[in-house]
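Two complexes come next, and they have one chain in common, subunit A, joined by subunit B in the first and subunit C in the second.
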Partner chain A sequence: MFLTLKKYALIYREFFATCLAEATSYRLHFVLLIVMDLLFYATTLTTVDFIYQHVSAVGSWDRHQFLFFLAFLLTVDQLHMTFVSESFWVLSASIRNGDLDFLLIKPVNLYFLIFLRHIRPASMLLCSVTFFLLWHYGVLAGLSTIQFMLLPLLLFLALLLLVSIEIFISASMFWLVEGTGVNFLRMQLQQVSRWPDFVFYGLPRRFFTFVIPVLLIGNAPVQFLFSPFDYHSLLFMIVLIGFFWFMIELTWNKALMQYESASS
Partner chain B sequence: MSSRRLMWIQTVKVALSNLLAYRVNFFLLVIGPALVFFFVKYSLWSSIYEQQGNRELAGMNRETMLGYQAMVLIVSLLAQGHNSTRLAEDIRLGRITAYLMYPFSLFEFHASSFIALQAVQLLTSAVVFMLALSLGLFAKVNLAFIGQGLILCCFVSILWFLIQYCIGLMAFWLEQTWVMRVLFQIVAQFLSGSILPLEFFPDGLRNILMYSPFPYLTWVPARAMLTGEESLLYGTGILMFWIVCAALLARLIWKKGLTMYTGAGM
Partner chain C sequence: MMQSELAIFCENLSKNFRIYQKKPGLWGSIQTLWKREFIEKAAVKPLNLEIRSGEIIGLLGPNGAGKTTLMKMFTGIVIPTAGQLRVLGFEPAKRDLQFRKKIALVMGQKSQLWWDIPAMDSLQLLMRYYEIPEKLFQERVGYLAKLLEVESQLQVHVRKLSLGERMKLELMACLLHDPQIVFLDEPTIGLDLIAQRKIREFLLNYHREKNITLILTSHYMADVTALCQRIVLVMNGEKHFDGSIRAFEGLMGQEKYVKFFFSEPQNENHPLLSPLHPQFGNHGLEVELRVPEDKLKEVCAHILKELPVTDFQTEKMPVERVMQELMSRTGA
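Let's turn to the complex of A and B:
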């Protein structure tokens, strides 16, 4: 077990080193990535701030609670962009041009190779900004020390659910000739997840809670933080993570059978 | 029919068949994002207005807000669908060498793709408009206002195409141009009133923004279609000014870029 962990840690260190070397070769791209993320934070937070200039509450949340929720999701988003996001874009290209062959023959876990291979060092730098926002709005929302201590675990669970849903969906790339559209679908699901669940009603709310549960990504952990006795959503989220990994095993086995290895 | 016109028609036809070759992908790439964006805003504003007892916010009641958001969807489908991914890829992979020798320039080729996309988007937005109308999202529809908004949308789409073209040409210098495209998208969505109508912006910021092209990308055409309050002549004049600026910039970038071009990837 220890040897396996050590092996994967060493591989991951190599992944990081190559990604860092690549990122620093294109310095303007590196800077633009940082500017892009900063602008995204600014517009997201300002949108909600402008809304609260006209209303005192949205749902049951005041300005600080809503901004804390956004900071939580921005942090999940930032971690996702740093460690996983790029790999999904590479996957669609790899399936199309047959580069996936090289990953399939390696004696390393396939999910590890596909989804953790590409890291964005520029986004990693900005994690500090989102952590600061999380702390800042957490203080304004009145979070206690214990609630702050729970944050890393909740962030991890939120990221894990998001990635699990996305890996499950990305299996469809094997059936579609062009997988870029699936990546755009992922981005649209992320957009839905960035709003509180009480904004949605009826069928859409049920769909995004039970079928493609993107609304749980931010809502379940944040609602648990605001009212710890409301832990049912969080438990459901943990069950769903397990369920999605079961489904991933099923669908990915079928999906790989569809792979035609375009290059060979 | 002149051979030039025939070239344009044939290239548009090829672009059209390319667009529709992967229909699921086209839907997920171009139509899906606009629909999801609308769905989120519709849900958000419905929820906010319900909580506020349908009182007016920034001079807009529930009906005008939902009508505005539906018009934003129409404008974004009609005028903001084009992107320059293909152009950037062509430059990066050295494929534009062929266009330097063809009697049909790279700009003309991409303008043909733009025309093909507009034809599809015109049909899509007509369907979406009828759907929105049947769902009662527009309190009242004035055909003159709609016509006025459509004319503005034509100019917006040309400006959007030229901006995207400039971004695509940046591939002469940048390894990847998608960051520039997303950057522009983030700024344009926020400052053009796509997310929040400009009525929700502080007065000072709104006044400054009116000197930029952003409000004319979404807020002005959407309001023109809804209320007819925006002057068509003034709006088209401003858009024409920015179109000329963008065209000159594209020409400049192209000239400078060609001096950098090595034809790598041939």
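Let's turn to the complex of A and C:
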């Protein structure tokens, strides 16, 4: 077990080194990615701030609670962009052009190789910004020390649910071959997850909570932080993560059998 | 032969692909949105093959014959539709971790090296994948780089390398973990003659030293004649020949092709030439003859004596001619 962990830690270190070497080959592109992400944060936060200049509460949340919720999701989003997002785009291309061939014959866990291979060092720098926002709005929202200590675990669970849903969905790329549409679907689902669940009513709310449970990604952990006795959503989220990994095993086994590579 | 002595054993191995078809034009594109027509294509028809450890096999055949599909089934990339397949005692479709440690694949038209970073960075990543100890890694990099003459290219970005240099580094990347079986899918494609020769020499030397199993596909018959001990000819997904190069050359009968060059044009009905299926060129100044092998010496001596010969040559690539002939016969 220890040797396996060591092997994967060493591989991951090489992933990071190669991604950094690649990213710094195109320096202006590297800077541009940082500027784009900063612009995205600014527009997201100022939009909500503008709304709160005209109303005192949205649903049951005041300004600071809402901005903390957004900071939480921006952090999840930033971690996602840093560590996994790029891999989904690469997967789509590698199924189409057959580059997946080389990954399939490497003696490494395939999920690890496919989904953690591409890291965006530019986004990694910006994680410090979102961590600062999280701390800042957490203080304004009145979070206690214990609540702050729970944050890393909750961020991990939120990211894990998001990634689990995405990996499950992305198995369909093997049948579709052109996976750009699946990637756009993933992005739209992320958009949905950026809203508090009380924004949705009826069927859409049930759908995005129980069928494709993206609403739980931010809502379950943040609601648990605001009212710790309301832990049912968080528990449900953990169960769903297990369920999705069970489904991933089933669908990916079938998907990999389906893989036809590309003519050379 | 015991299955355990074999590097590859396959019985009735087949692979079908579903190929979608689209009618041309705008209406054809719209129609495909709700109705897609497809054909089931047998890329590999039930095929039996046994390859012993340490052999160098040339998988030959025209484009679309099924060679690459076979390679991909052998490596576990593509799952067979039917049949039995064992490679080094493993079932490739199960993609066992231990199996993946023992094989390597080079594709002339694809790269496993990262484009935007120096090759050495990619090699270090491979070192981690295959859990090669640091010291052994340095030794193997040094050994292979020297053998392939790429020491100075290791720190250069892959995108800046020539095709020949890149292919040498691809070979290096695939041999780093000391695989027992190496699949080479057109490793010399697009390379100039010198680079091709160097790759061939390297492979021969490496095989001599390590006695690994090499499975090669190539459209360059020079690769095949220089490297392979045995040829497997695949056409339209079926095995048409399996045997030694010598036996392959003999498929067209025991004849040699000899070309003569003359100082003055020769008559097409010349009694010495006409029984030997002459193919005249350059206004009668050169002719190619099919000469029975047992009469080669006698016929050549006779022509040299009787006709104004300035030069002559026997065929360099009989394998290529057999291939061409077989392909034209089967319409491949």
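In this section, the second predicted complex is superposed on the first by the 262 of 264 C-alpha atoms of A that agree within 3 Å, B and C clash if a C-alpha of one lies under 4 Å from a C-alpha of the other, contacts with A are read in each partner's own complex, and residues count from 1 in each chain.
We adopt the following convention: contacts are C-beta pairs under 8 Å (C-beta built on N, C-alpha and C of every residue); 3 or more make two chains touch, one makes a residue touch a chain.
Here the structure is a predicted model, which is why all the values come from computation and not from measurement.
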Fit or clash between subunit C and subunit B when superposed on subunit A: fit
Partner chain in contact with A:252 - subunit B first, subunit C second, else both or neither: neither
First, second, both or neither for A:108, with subunit B first and subunit C second: second
Subunit B versus subunit C as contact partner of A:99, first or second or both or neither: second
Which of subunit B and subunit C A:66 touches, first, second, both or neither: neither
Partner contacting more residues of subunit A (subunit B vs subunit C): B
Touched partner set for A:41, first subunit B, second subunit C, both or neither: neither
Closest approach of subunit C to subunit B (Cα atoms, Å): 5
Those residues of subunit A which subunit B touches in one complex and subunit C touches in the other: 26
Residue ranges of subunit C touching subunit A (in the complex, touch as defined): 17, 68, 72, 75-79, 93, 95, 97-98, 100-101, 103-105, 107-110, 112, 114, 116-118, 121-122, 124-125, 128-131, 157, 185-186
Complex interface listing, subunit A residues touching subunit C: 7, 10-11, 13-15, 17-18, 21-22, 25-26, 98-99, 101-102, 104-108, 256-257, 259-261, 263-264
Of all residues in subunit B, those that touch subunit A in their complex: 22, 24-29, 32-33, 36-37, 39-40, 43-44, 46-48, 51-52, 57-58, 173-176, 179-180, 182-183, 186-187, 189-190, 195-196, 200-202
Complex contacts: residues of subunit A adjacent to subunit B: 26, 28-29, 32-33, 35-36, 39-40, 43, 46-47, 50-51, 53-55, 57-59, 176-178, 180-182, 184-185, 187-188, 191-192, 195, 198-201, 204
